[in-house]
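What follows is subunit A paired twice: with subunit B in the first complex and subunit C in the second.
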Partner chain A sequence: MAGLIMILISAMFFPGMILRTKSIASGRKGPGIFQPLRDAGVLVRKGSVFSTTTGLITQIAPVISLASVICAALVVPFGHQEALIHFEGDFIFFAYILALGRFFMIIAALDTGSAFEGMGASREAFFSMLIEPAFFILMATFSMFTGLVSFSDIFSHFFITGNHYVLIFSIIGFYLFIQTALIENSRLPVDDPKTHLELTMIHEVMILDYSGLDKALIHITTWLKFAVYGSLMYNVIVPAGWNIFLQIGLFIAVQALFAIIVGFLESFRARNKMNKNPKFILTISAIALIAFAVILILNLNLNP
Partner chain B sequence: MIHSLCYSNIFILLRAQFKIGDYPAMNIALFFIVLILSFALFLVPKILKHSTALFVLAAGILITTGWSFEVLLGRSGELRLETVVPLIGKTVTLVVDSLSAFFILVVNITLLVGLIYASGYLKPYYQSKNALRFSIHYFSYLWLYFSMVLVLITRDGLSFLIVWEIMALSSFMLVIFDAEDTSIMKTGISYLIQMHVGMFFLMFAFLILEHETGEMSFDALGGYFRDHSNLLLFILFFIGFGIKAGFIPLHTWLPQAHPAAPSHVSGVMSGVMIKMGIYGIMRVLLFVSHDLMQIGILILIVSLVSGLLGVMMAIVQHDLKRLLAYHSIENIGIIGIGIGLGVIGLATGNNALSILGFSGGLLHVLNHSLFKSLLFFSAGSVYTSIHTRNIEKMGGLMKRMPYTSVLFLIGSLAICGLPPFNGFISEYIIYLGMFRDLPVTGMHQSILVLGSIVGLSLIGGLAVFCFTKAFGIAFLGEPRSQHSSSAVEVGKVMIFPQLFSVALIILIGVASPWFVRPVFEIVSSGFGIEGMSGVAESTIPGLSKISLISGVFIMLVLALSLYRQFHLKSVKVSRGPTWGCGYTAPDPKQQYTSTSFAYNYNHLAKPVIGTKKMMPEIMEEEIFPEERSFSSASDDVFQKVIIDKPAFLVSSLLKKIAVMQTGKVQHYILYAFIFMLIVLLLTWLNII
Partner chain C sequence: MNELFREISSNPFTVSLDIIPVLDYEQFCDQAARMLKDESDHCVAYYAVEMQGSLKLICCIANDRDHILRVFSSMLPSGKSTVRSLSKEVPQLHIYEREIYENHSVVFEGHPWPKPVRYPHNRASKASVMDNYPFYRIEGEELHEVGVGPVHAGVIEPGHFRFICNGEKVLHLEIQLGYQHRGVERLLAETRSGIWRCVLCDNIVGDTSVGYALSYARLIESLAGIQPSRAVQIERCIGLELERIAVHIGDTAALCGDVAYQLGQVVCEALRTEIINTTQFWCGNRFGKGLVRPGGTNYKMTAVVADRILSVLKDVGLRFASVSERIYSLQSVLARFEDIGQVTRQQALSTGAVGMAARTCGIRRDIRWSHPDQYYRDYPFEPVVLENGDVLARGQLRVKEVSESINLISGLISDWRNQPDEHSVPDYNCNLSPDSFALSLTEGWRGEICHSAITDGSGNIVHYKVKDPSFHNWMALALAVRNQEISDFPVCNKSFNLSYCGNDL
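After this line comes the complex of A and B, so read on.
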């Protein structure tokens, strides 16, 4: 329960943190931390325009996407506090329910019949397909490391396995979760949310025809997704046994750190060339594979 | 509450309802009466043919379902039906064990749905085809059903080969329903030939068995495998059954036969007939006792390759039914991954991996039969309505055929393995087996298991890519051609049976413990694996949680949708054209096509799928380029190397020999004379 509440709270601040970081990094005064929330409020109050080409799919996609991310958040634990719903293999569910949301966003883009949105849909489908193995290799590494097969069990035992190399996996996990989150949420270096040209967008171009409440829901979905991944990062980097107040503090720190990293990346890094992206994404899987190889060799040395 | 749900599973409920005594003899007699009844199809008038076929099928289903429940609910675990085959006078024992019973239920569901759907699908052909054609079609359909049931319960080798052959012949007759089209006839013959190649492998395997043990029956396999090398005979069986199942590289008949056949037939063939190959492999595996590791690795690698290449080739297809056919190969791969892991579990004594692997594979057999037949049926509805299978000519069907579109969408979500649908459950069980195995196993096996995890996750991602393309391009956007702009929804008789499949798809998705526990029981009793209850204790709670979270998901979607509807009433909602980036004269042709959707992917997957572009180059001196066309196509590399090339070599060799065939009587007399001279010469030399 605590995990879910923490995710919901941090999701509210997350986009503002990114925005502040970017403003400060580029030397602007910039909007306040609550600006994205206010923007969402404006969107909710506004009316909606639907394309005449669209139908049912456009209407239900934002709702399904949001529901899928909330359900994914339900299986993410917070330190020793087990997730609201946890079971063996819950991370498989996590990956597949997120894929369900993505499936609907992709077909919603195709529902408009726009060439731009088709382009974005194709890229989103392609890149998210390529990142899928990285997540599963990482989870395989973790379950081999701890001998357990659910988010809650893995993270509560992560630092008490007696394995001295835990920090390696902790850092690799942190790094890979950042990269996965960036690709899942279509941020730099794979996609630039602030680009002005439809031809170079991925996620933004898919939602061109959304307005009003639906667009607000899509934004909220993105924030939640960030916070969910931030929470996973927190879980691999902070031992579960620590004092609860310290944990809450550290949770906020990790989420803030994540937002600042995203902000800095977007301030100082250029977007990849579109045809370089597959290589970039596959590299992440390769790093996950290296982590797996390390744990394999370690296990072999520990119990030959 | 959830825990109590899983214990009161459907079978315990049914156990109280069904009280079936011993009636094997009467039972088998009834089944033979049904077989004979099928001939009545030739006697009834054209208008009654469908109802007659439905009646006979329903009778058959009633009897065989009775057998299945008797076995699955009864304590004995097996039903023996002894019968004397008429005309031959040989006594044959038909055995229904839990594995056969499971497959019989799968066959029954799809065949029934398919036949009801057929009455709508065949309506347009009612005028153009005569009564005999309809009789033959329905007769073949019924005999495809009978032969599949008999395949599942026949243990004697010779009888098995005979019913296996009836299955191939009846499905061949079904494929060539539209035989006026020469390309369909050609495809049908190619299908028949490839089925017989498989048949030869099976025959060869059975002959080896008879030579070594003196008995030609599945039951003799146990004895053979105890004393001989297992790998070789298993490979023979695997090739024979694998051709039917469609493992790559034995799959070449699938992408041809499925588009050629009428849609209810494709649904049945892809949904259940190819599973007979899986059944055969599992039946043989029941007896294998040595070389388990090699066999497991073989199945696993072939399945991974099938799964990955199947979906990779599916993405570049433009023919909707061909795309679905390649997806059958992918799903056979997923089933095979489960079976392969199960065998590896047997080899290493890891019972949990065995049970989860085999159960995941077996459950996926049921799941695939449901969603794949649903997809073929709804694709058939589209074909009935717009008379083309080319995705590039579709578009905008969601508005014109809303029910069919939603049915196809549900099938797509299920086949991608997304929750809360049934495909997720079987893939979850296979994943769970792998993840649980990882920490407890050695280095080589971990690498294998990790490879399977990566393979399965990539298959999932690629399937999402493929079905967002298929659904998005075919059903959404604006119509891309005259065909789809004039589409109308098909009749209720075609929609209604598909709802039955949908209900089961969702039921298995949200109430999985009811279905998984019986599958665990079938696997553990069939393969004699210990520790079933332990695996069930640790897995069923997880499945209940999945049910719970699926419920939460559905409630969330409903609540959010209601809020959204309520909210939209309070603000101004208007409609306008799609954002065109300032361009004001959009045309449906400017929409993303299926080729352009797969462009990125094509770039990466080129070595595997070999897409070719056909367009004339623009020369440097061509200042004002003329109108030109562009097309791209990809062919199946395996088809080329395994079928086309050898066939070409043989036919070119035979053509050279055909020089002798001049058509002149004088030459033929000369050949006869030369032949006699040679015989004389050889006799004189005492050679013959």
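After this line comes the complex of A and C, so read on.
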């Protein structure tokens, strides 16, 4: 329960922190940290407009997408507190419940019949397909490392296996979760959430036809997704056994660090060329695979 | 008739209509084709005018190497006629022939691309409307069409782009313009108020106010046979170069924005503001509207303005040099610019590309050098020429031109200080020489701007023609994105930064 509450709270600050980091990095004053929330508030009060060519899918997709992220958040533990739902193989549930939300967004984009949205949908489907192996190889690595197969169990035993290599894996895990999160949430260098150029968009172009409450829901979904990944990052670098208040402090620190990293990344580099993205994403899977191989060899050595 | 064309070595020029040789159409075509075979020749004006019941074709070809202009003309019977097309032989004429076809329904037989240019209000065929533009089509299972615009996501002008793509790869791009047609040429020819024409010329293309106003002012001065004082000439050059610097820096910002490089974008945006605020300090308008007027100036430069310009340029020059060095050495930016949207030298020559689009393909085409006017005549100027023709080259050309322009302005200001303070006030309604053809060329930041006018027996302007550099360069853009990724189109487009309203008029 505590984990879910922490995720919800940090999701509220997340977009504002990224924006703030970017404005400070560019020497501007920038909007306040709650500006995205206020913008969402404005959207909520507005009515939704749907194109006459769209059907039911377009109307239900944002809700399903939000629901899928909330379901995914339910299996993420916080410190020693187990997740609300946990069962063997719940990380598979985590990955595919998120994929379900994305699937609905993709078919909703196709539903609008716009030339851009189809293009965006195809890119989104392609890139998220490529990032899937990275997540699973990483989870397989953790699972082999601890011998357990659920988020709650893995993270509560991660630091007490007595294996001294844990620090390396927590750092690799942190790095890989950042990269996965950036791609899943359509941030630089794969996508650019700020662009107005339809032809270069991936995620943004799929939601061009949304307005009002539905658009607000889509934004909230993105923030939650960020916080969920931030929470996974927190779990791989902070041992579960520590004092609860220290844990809460560290959780906030990790989420803030994540937001600041995203902000800085987006300030000081340009976006990838579209056809470089597959290579970039596969590199992340490759790193996960190296981690997997290393742990496999170590495991064989440790438990001959 | 021993002379087949009239050769002129000054820019702008005014000649009496009678002394422009009139050739028969076949001769006219052969001569144009022969001249344009030379790479240093390009056509700066070719249009038709209704005159005494027949259609007069006037063609002006500029030779960059010999620094001369050549004018000749031909007569066609008025109304619908069918003549031979030159476009297959000389592709750069395609757009002129399209324009003549659209305005006067002269059918050019064998024209490969006879499509509307801008849907003018007084076009010959009212049946030709936006909705029935004959788009090129390729059929195929794997191909899809993407239509963008005319309303775009950013705050830009309207234009429709239709891509034929194979997956992410663009096979063909067709650009349909004309949404902004305001009837500029007709207004300029119909109005008798000189000041009104000035204001109109300030606003034909909002981002090139000084360039257009200067081109108009020079045309009128040439027709009236007046020459403003040297101090005024220098001030105009300074205005033109300030405009170039401001737009080039702004474009660098926009290029960075398109590839999501925030640092480069915000720094360049801030620097551009410094420059346009300086222009405002000088003449009260950030875009230099009202700065250039025929015959004189309303905003003569003072020592205070000159000092301010120098100090701002020194500061901006240093900061822009350092930020542009960072931009063009950053790996992630280079990956987006290098070898993207390449235009070959041959393509640039055959589309008749001018300005930056030509100079990035190794073509030395710059009016300030080839047909210098005003103070450029007394000031040695070397155009910057790059070879690669890609987005990177167009970006780097801007950086080089900014530093060139800054040097130019410092030189101009020190010359200006040595000039006697002779300033005349603008003369809006001067007497123009009757029955004449006049043409003026100005190198705006985008490329050469060509204004030309024809006067009647009492010295009234009866026909006015404006040509923006974008008129040719849009085709270069369409060629540049072939076989590129569709997601690279925005950055290609921005690197050309062509004018919609300059084409639409």
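As a working rule, the second predicted complex is superposed on the first by the 304 of 304 C-alpha atoms of A that agree within 3 Å, B and C clash if a C-alpha of one lies under 4 Å from a C-alpha of the other, contacts with A are read in each partner's own complex, and residues count from 1 in each chain.
Basically, a contact is a pair of C-beta atoms (placed from the backbone, for glycine too) under 8 Å apart; a residue touches a chain by one contact, two chains touch by 3 or more.
Predicted, not measured: the structure shown is a model, and the values here were computed from it.
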Practice problem: Go through the superposed model and pick first if A:E198 touches only subunit B, second if only subunit C, both, or neither. | Solution: both
Practice problem: For A:N275, select first, second, both or neither according to whether it touches subunit B, subunit C, the two together, or no partner. | Solution: both
Quiz item: After lining up the shared chain so the two structures overlap, which partner does A:H86 touch, if you call subunit B first and subunit C second: first, second, both or neither?
Solution: first
Practice problem: Using the touch definition from the top, say if A:M119 reaches subunit B (first), subunit C (second), both or neither. | Solution: both
Exercise. State whether A:L130 touches subunit B only (first), subunit C only (second), both chains, or neither.
Key: first
Practice problem: With the two complexes superposed on chain A, say which partner A:R28 touches: subunit B (first), subunit C (second), both, or neither. | Solution: second
Practice problem: Would you mind checking which one, subunit B or subunit C, touches more residues on subunit A? | Solution: B
Practice problem: State which residues of subunit A lie in both footprints, the one left by subunit B and the one left by subunit C. | Solution: 115-116, 118-119, 198, 275
Practice problem: Write out the stretch or stretches of subunit A touching subunit C in their complex. | Solution: 22, 25-28, 115-116, 118-119, 188-189, 192, 194-200, 266-276
Exercise. Under the touch definition given earlier, write down the residues of subunit B that touch subunit A in their complex.
Key: 395-396, 398-399, 402, 406, 413, 416-419, 424, 427-428, 431-432, 435-436, 438-440, 443, 446-447, 449-450, 453-454, 457-458, 460-462, 464-465, 467-469, 471-473, 476-478, 538-539, 541-542, 545-546, 548-549, 552-553, 556-557, 560-561, 564, 567-568, 571-581, 586, 588, 590-592, 596-601, 603-604
Exercise. Please name which positions on subunit A make contact with subunit B in the complex.
Key: 44-57, 59-60, 63-64, 66-68, 70-71, 74-75, 85-90, 92-93, 95-97, 99-100, 102-103, 106-107, 109-119, 121-123, 125-126, 128-130, 132-133, 135-137, 139-140, 143-144, 146-149, 198, 208-209, 212-214, 217, 275, 278, 285, 292, 296, 299-300
Quiz item: Which of the residues in subunit C come into contact with subunit A in the complex?
Solution: 144-148, 153-154, 168, 256, 258-263, 266, 330, 332-333, 335-336, 340, 485-490
